[in-house]
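Note that the chains are named A, B, C and D in the order they appear, and that numbering of residues resets to 1 at the start of each chain.
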Amino acid sequence: MLIFFILGIPLLLALACLFVKGERILGILNAIGYLIILFLSAILLKQIALSGAIRSFFGFICLDTLSVFFIFVIAVVVFASALYSIGYIKNDIEKGIISEKKARIYYLLFNLFSCSMFFVPAVNNLGMLWVAIEMTTLISAFLVGFYNRKESVEAAWKYIIICSVGIVFALLGTILFSYAFSISGLSKSLNWSDMVPVAHILDKNILKIAFIFILVGYGTKAGLAPMHTWLPDAHSQAVAPISALLSGVLLKTAVYAILRFGIIIIKGVGFAYFAHLMILLGVISLIVSSGFILVQKDLKRLLAYSSIEHIGIISIGFGLGTPLACAGALMHVFNHAVTKSFMFFGAGNIVSIYRKHNMNAIRGVIRVLPFTGMMMFLGVFALTGFAPFSIFISEMMIIVAAFTKGAYLIAAVLLLFLAVIFGAFINHFGKMLFGNLPKGMIKTGERLSGKLAFLFLGLLICGIGVAFIFIKGEWIWIVQKLFLV
Amino acid sequence: MMEITLILLQLIFFIVVAPFLSGLITKFKNGFRMRKGQSVFQPYYNLLKLFSKGQVVSETTSWIFKVTPFIVISAVLTVTLLIPVFIFSSPLYWMSDFLAVIFIFALSRFFLALAALDTGSSFGGMGSSREMFISSLVEPALCLVVFSVFLQFGSTNISVFSGQHAVSVSSMVAAMALFLVAITETSRIPVDNQETHLELTMIHEAMVLEYSGASLALIEMAAHIKQMIWFFLIAQIIFPITALNLANLTGLFFWGLWYLARILIIVIGVALVEVLVAKMRLFRVVDFLGFVFVLGVIAMVCAILGV
Amino acid sequence: MQFIILFAVLISTYLMIITKRTSALIRSFRYQSFCLFLAAFMTALRERQLDLYVVAGLLFILKVLFIPQLLYRTIKKIKASEELGLFVNPQLSLLWALGFTYLSWVFTVRLIGAQDAAQVIMFTIAFFVVLAGTFLMIFRMTALAQIIGLLVMENGIFLLAFTVSGGMPFFVEIAIFFDVFVSVLIMGFFVYRINKFFTHIDVNKLSRLKG
Amino acid sequence: MVYIYGQRSFLFIEVILFKMFDFFPKQIFIVDPLSLFFLLVIFVVSLPSAIYSFGYLKGEYSSSKITLSWFLLVVFILSMTAVVTVGNVLIFLVAWEIMSLVSFFLVVFDTTHEKSIWAGTIYIIMTHIGTAFLVAAFLILHKHAHSFDFMSIKNACFTMPAPTKDIVFLLLLAGFGAKAGIVPLHIWLPYAHPQAPSHISSIMSGVMIKTAIYGIIRFVIFLLGVNSSWWGVLILILAVITCLVGVIYALMERDIKRLLAYSSVENIGIILLGVGLTMLFISMKMPYLAVFSLIAGLYHLVNHAIFKGLLFLCAGSVYKATGTRDIEKLGGLIKNMPQSAVYFLIGSMAISALPPLNGFVSEWLTLQAFFLGALNSIGGIKLFLGICAALLALTGGLAAACFVKAFGVVFLGLPRSNYAQNAKEVPLSMRSGMFFLAFLAVVFGIAAGYIIKLLAKVAAVVMNIDISSMSFSLNNFILTPQAGKSAYLSVPMLALVLVVMGLAGFVVYKLFGKGKPLIYKTWDCGYYKLGPRNEYTGTAFSKPFRIAFSFFLLPYHKTQKVRESFYHVKSFAYETHTTFVFKKYIYAPLIALVLRSAKFMRRIQPGSIHLYLAYIFLILLLLIMFMHKF
């Protein structure tokens, strides 16, 4: 039942945007709404964990631990970015970059966007899954092109076209799945909850081809190289909170879709096929992204490429497929979502003060924005997998899994490129955060809401890390209780 | 009680004899050059003269400059107690370690160099720089020599090697190397020249240039004693003395004769080198010491081969 | 009868590939959609199911009437040149198209085997339409061409879905139509934007963001 | 629900959590004599540095920064404590990373300098690369032990195949080497250490790089267990190279803190000589010698912690008093800051291994270890050890020269600039910090016989062998490296004799010396005024070495004359530099290569949407074509 609230509240907020005047109230309303959603999703997580999967609304909605986990991740990031939006939008209005009316449109789209994202893990029917993901593209396209600049329009166009094409392939894959389903003489259905149990009797050949379409299609949305090309453009042009949402959770929804089909494939075709494809694309993404990160000049693009890197790591994790690796990958989904939105908030603050994306023009942040600077300073280490932050733990899990599985080559590649990327990041941010500031720059205050968002995410980043370091048997037991009987 | 007497005996022996050896070398040199030359006891006169003169101290100097002479003299005197002279063991045999001796010499050198820098004159700087340069290049050769010699005694204790070893190829080569080291350490031609005060050539002299009077006397004394110590060590290696029995006096007599003779041989050797060889340029010294190092390696190899 | 329609689809697709002018492209897209509509309608007649009728009707309204009209209006509004901006000239495109046809045939055979000829033909044509859409998107410069390419791909998929598995579940179809509708609107909107900022709709010149 | 069973194989969070149990530690801490010894080292240096920092930070930074620095200092010390006490590989890794992180923060503490950012960047990147190696090594261990706890790893190592052991050893060596500053991984050290505030530099140089030695001892000797003799040989070779490179660069340096940093590289080499010998002897089945050389290594470790800490504190005082670290601008400070001068002198003497201070003892022990090794080994090893010892001796000589230069140029002679002219003695807190360490430097020299016994216990635990039968010193008074055979050294006695002889000399001087000396100018060859410009500079001092080692230093110089007429040269400028071989021929090309390839890769994204669509299409086709490969 909770799920309907989770899906409904954003719609209500969207309606509110049409009637309520005053963006400030809207912002606060948003934040409150998503706080509620956060709690609800947490409760839901517990519930599902205890009671196992549920289907409701004529099997239209079907939730198991996996989907609820993703819903939870989405809820966390959306809440944080709603919180951050308050200050950010206010700032833009005061600077006269956008109008009051535009702000309301922003909140409208924001809510629709998050609503469509909540739909993705919730729905049972793979066709509807497709529709929901396409919806996220269409809505967020506006948010990418939100500031009417040449670049933003260009980015939006590339975003919408490339993603749509990818998605169309995904649809093709979906249809092939249903074809495989129908020729196996079973009653026609696109519900994964119906497909999974019978996956093993489906036609392997068709499943294989279908999965390639799915992988390329949703992989485009997830930003796996070489289909990642839209991602840096979109991320760098979107409104800061939206950039956070895009790389924090939008990519993850695509990953979720891939997993859904992956489960069927594993059952039907066998694990190796899935594993090899995932690892291949993952490694390509890692390598490509590391190259771009090394020589990047634009702050937000840098972060975007690091998203590609992390998606690569996640898919490697799922590709390895041992329980530890999957746990690592799932945790990485969460950690990356949190950390990356954290970084994007920081980038948003920096860009809105310095008015440029070019990192060579940004110097001495720590003195202009002490709070943001400090947070970014920690954030860089968190993002590049430095202990004791959370990403370190999940990456560690994946690498450990690789070693224990005997996949030394993959582990070596991971270690090598993570080190390279680390170096690049420290180099970029060291210069940006410190260094002598450009003239005309003075210490400026920051908004409370932004700080709150930072603290909220920061708490999660450090908290998870520390918790998992000094974890004890009983703690684990609680986690278990959270997830299952 | 026995040890105390031995200690005093050795101290007095070194202090009394050391200048004589320097005088002797000079005498021999002049002899080879067909000159009459100064008296053998000239060094004693010098020391007395210096003691009787007052001294001038540079105003730029600090206490380092003042304490250095005492440290230098104490270092060498300490070493005199670590080497066996009269009996087959040094008075402080339980700390008479050759490696330690190297370090103790380093102590005196360290302070001499500092004192030289303390005066603030460029002579001092030059001297200390060159001194440290050469000495640091001497170290490896010396270390190898010590290894190759003492490996056959199974310990680096100086006391053990008197009287108990046979001359071998390796010890000969080692002694050769040690001889060259001694020449370097006692700042003689071809490495350094004690007799010149020409800025460009002097090394040890440049360091002590600012000293005068009693302090200088102490330093010179130290130099004499150091030289004597080296000679004794070399002598111990090349011409090991057999055990003497105090029973028959003739034996004792010949023993004593031989004991002095071997020192004399080394003295003559040094004098010959000083006469025959020309002083080297500073950076030729690198090659010279490289050669010594190679000698050390050869000695080591011979020691390993057991010849 | 059904095969005639399918071949009509094939021909219309070839027309799209070889045409040089936008309006012609739109027109042939309209033909193609119409053929699809016919196919859907006939299936509906055969199956006698309400939802199939609805789907066919929606298809007609959306893809035959509404979208082409919208695109025409867009062209008029932005006074864009008729040129599609070809990377490869029509003759070469034709060769490509033939290649694609062969490719999709090979692919089909690989997918379902060669025994059931009717199935093979349907699959082949459906895949070919998808490929043709991709071709248009990659080798035509203007934004409109890309929109149409996307629609063509969707047509192909519709064809596939409809012919091989008798369409998707009803509400999915509806949702997809809605989706297409919205996406066309939004893309049209962005075409206006692009025209406004860049004074042309040649998306190949949109290369400010790189690296 | 029925479909759930379909996915038991995959992504079933219950299963995952059960399987994750072995991922978490059971044994958190391990506290054995080795850990205790390193704790001692940590606190011996950290305490005086903390005291020192009271005076040092005041006036240098704003009050808020001072508080921050205190916070960081505490975290830093705690993290090091954790590193040497934890008993679980994962937690070790975490502590290790935290240590690197905090030290990085401290290096970039002066955010105003671009230099310190650069230094910090190099530092953290190098350490992170090292950490990557460590992770690899640890995970291979984990794969064999199925656990991260030390004890289970130790048990697993008994049955580990030799090739794996070799790989793990190499990985560990690379990982810890990056932290310890083994050549050629030392590149970060001379940048990072000087940039930190001085009390931090002293902790970094004195203690932090030692944690890497701890790692080598703990993981290679204690856990892994040495099984082939080439390990020791490899470490010995690396160590010798490290010694020489470090000390030669130190000689060339004119920034006093960088000079000290380079000499840290050298001393790490000396420590590693001890460790390497230990490994060699273990593999040669000579427990006594192994224990002895480990004692030598550990002894030098603690000694270096003491005197390097001391020297860095003194350098900090000089910096605080004069505001410059360039020794060519200093001079004559012994008159303005006599106490600091004394402390620096003690430190220099100790690091130059002069009796009777602590450095002397440990270097003597190391040489003895070499000697005994040569004594008990045969053939090639004998010669190898002999030559290693010779090179160690060379290092000692060069180090002495280096510190004659350091002390002489900074504290003696005439002040070369008015930085040095009007320097003041530093406040009490700083002096007390230095005094403490100087005092320890003496104590660790005199009380050698006693300390060596304690170290023997540590070594025994590391190699878990019984040392009750071995003796290293007679009644805590005489060092007996050969257990009763006739190599002895009694440091207190030596000190006593030295003092007595010195006094004797003094007495003679007083009795026969002539009155009180006359104070006059330095002899100036009749040149009317001898000023600071006539003094020998540090660069001039090190010139002979620069020429002698030119094959390695590749010095080059620029001269330019400005002539008024043909006969009269108005001004003459001369400058000389040395080439940093490793930086120029290893690191720069590597980085250039990486960047070039990255730039090349950048071309795949030129901004054309059609191309992007083509990518998607192509990858699709390729995947379908090679579908059956997967």
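To be clear about the criterion, contacts are C-beta pairs under 8 Å (C-beta built on N, C-alpha and C of every residue); 3 or more make two chains touch, one makes a residue touch a chain.
As the structure is a prediction and not an experimental result, all values here were calculated from the model.
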item	value
Per-chain CA centroid nearest to the all-protein CA mean	D
Pair exhibiting more inter-chain C-beta contacts, B-D or C-D	B-D
Gap in Å, rounded to a whole number, between the CA centres of chain D and chain B	36
Centroid spacing, where centroids are CA-atom means, of chain A and chain B in whole angstrom	79
Chain C-chain D separation of Cα centroids, rounded to whole Å	69
Chain A-chain C separation of Cα centroids, rounded to whole Å	32
Multi-chain contact residues (two or more partners), chain A	157-158, 161, 165, 209, 232, 292, 295
Overlap residues in chain B, where contacts from two or more other chains coincide	none
Residue list for chain D, restricted to those that touch at least two other chains	602, 605, 609, 613, 624
Full enumeration of touching chain pairs	A-C, A-D, B-D, C-D
Chain C residues within the chain D interface of the complex	87, 107, 134, 137-139, 141, 146, 203-204, 206-211
Residues of chain D defined as touching chain B within the complex	332, 334-335, 345, 349, 352-355, 360, 363-364, 367-368, 370-371, 374-375, 379, 382-383, 386-387, 389-394, 396-398, 400-401, 404-405, 407-409, 412-414, 478, 482, 485-490, 493-494, 497-506, 508-509, 512-515, 517-524, 530, 532, 534-536, 540-545, 547-548
For the chain C and chain A complex, residues of the former touching the latter	110-112, 130, 133-134, 137, 143, 146, 150, 153-154, 157, 160-161, 164-166, 168-169, 171-172, 175-176, 178-179, 182-183, 186-187, 190, 193-194, 197-198, 203, 206, 208-209, 211
Chain B residues touching chain D - in the complex, by the definition given at the top	51-60, 62-64, 69-71, 73-75, 77-78, 81, 92-97, 99-100, 102-104, 106-107, 109-110, 113-114, 117-126, 128-130, 132-133, 135-144, 147-148, 150-151, 154-157, 159-160, 209-210, 213-215, 218, 282-283, 286, 293, 296-297, 300-301, 304
Contact set on chain D toward chain A in their complex	1-7, 9-11, 13-21, 23-24, 90-91, 93-94, 96-98, 101, 108, 111-112, 114, 117-118, 120-121, 124-125, 128-129, 132, 135-136, 139-140, 142-143, 594-595, 597-599, 601-602, 604-605, 609, 612-613, 615-616, 619-620, 623-624, 627, 630
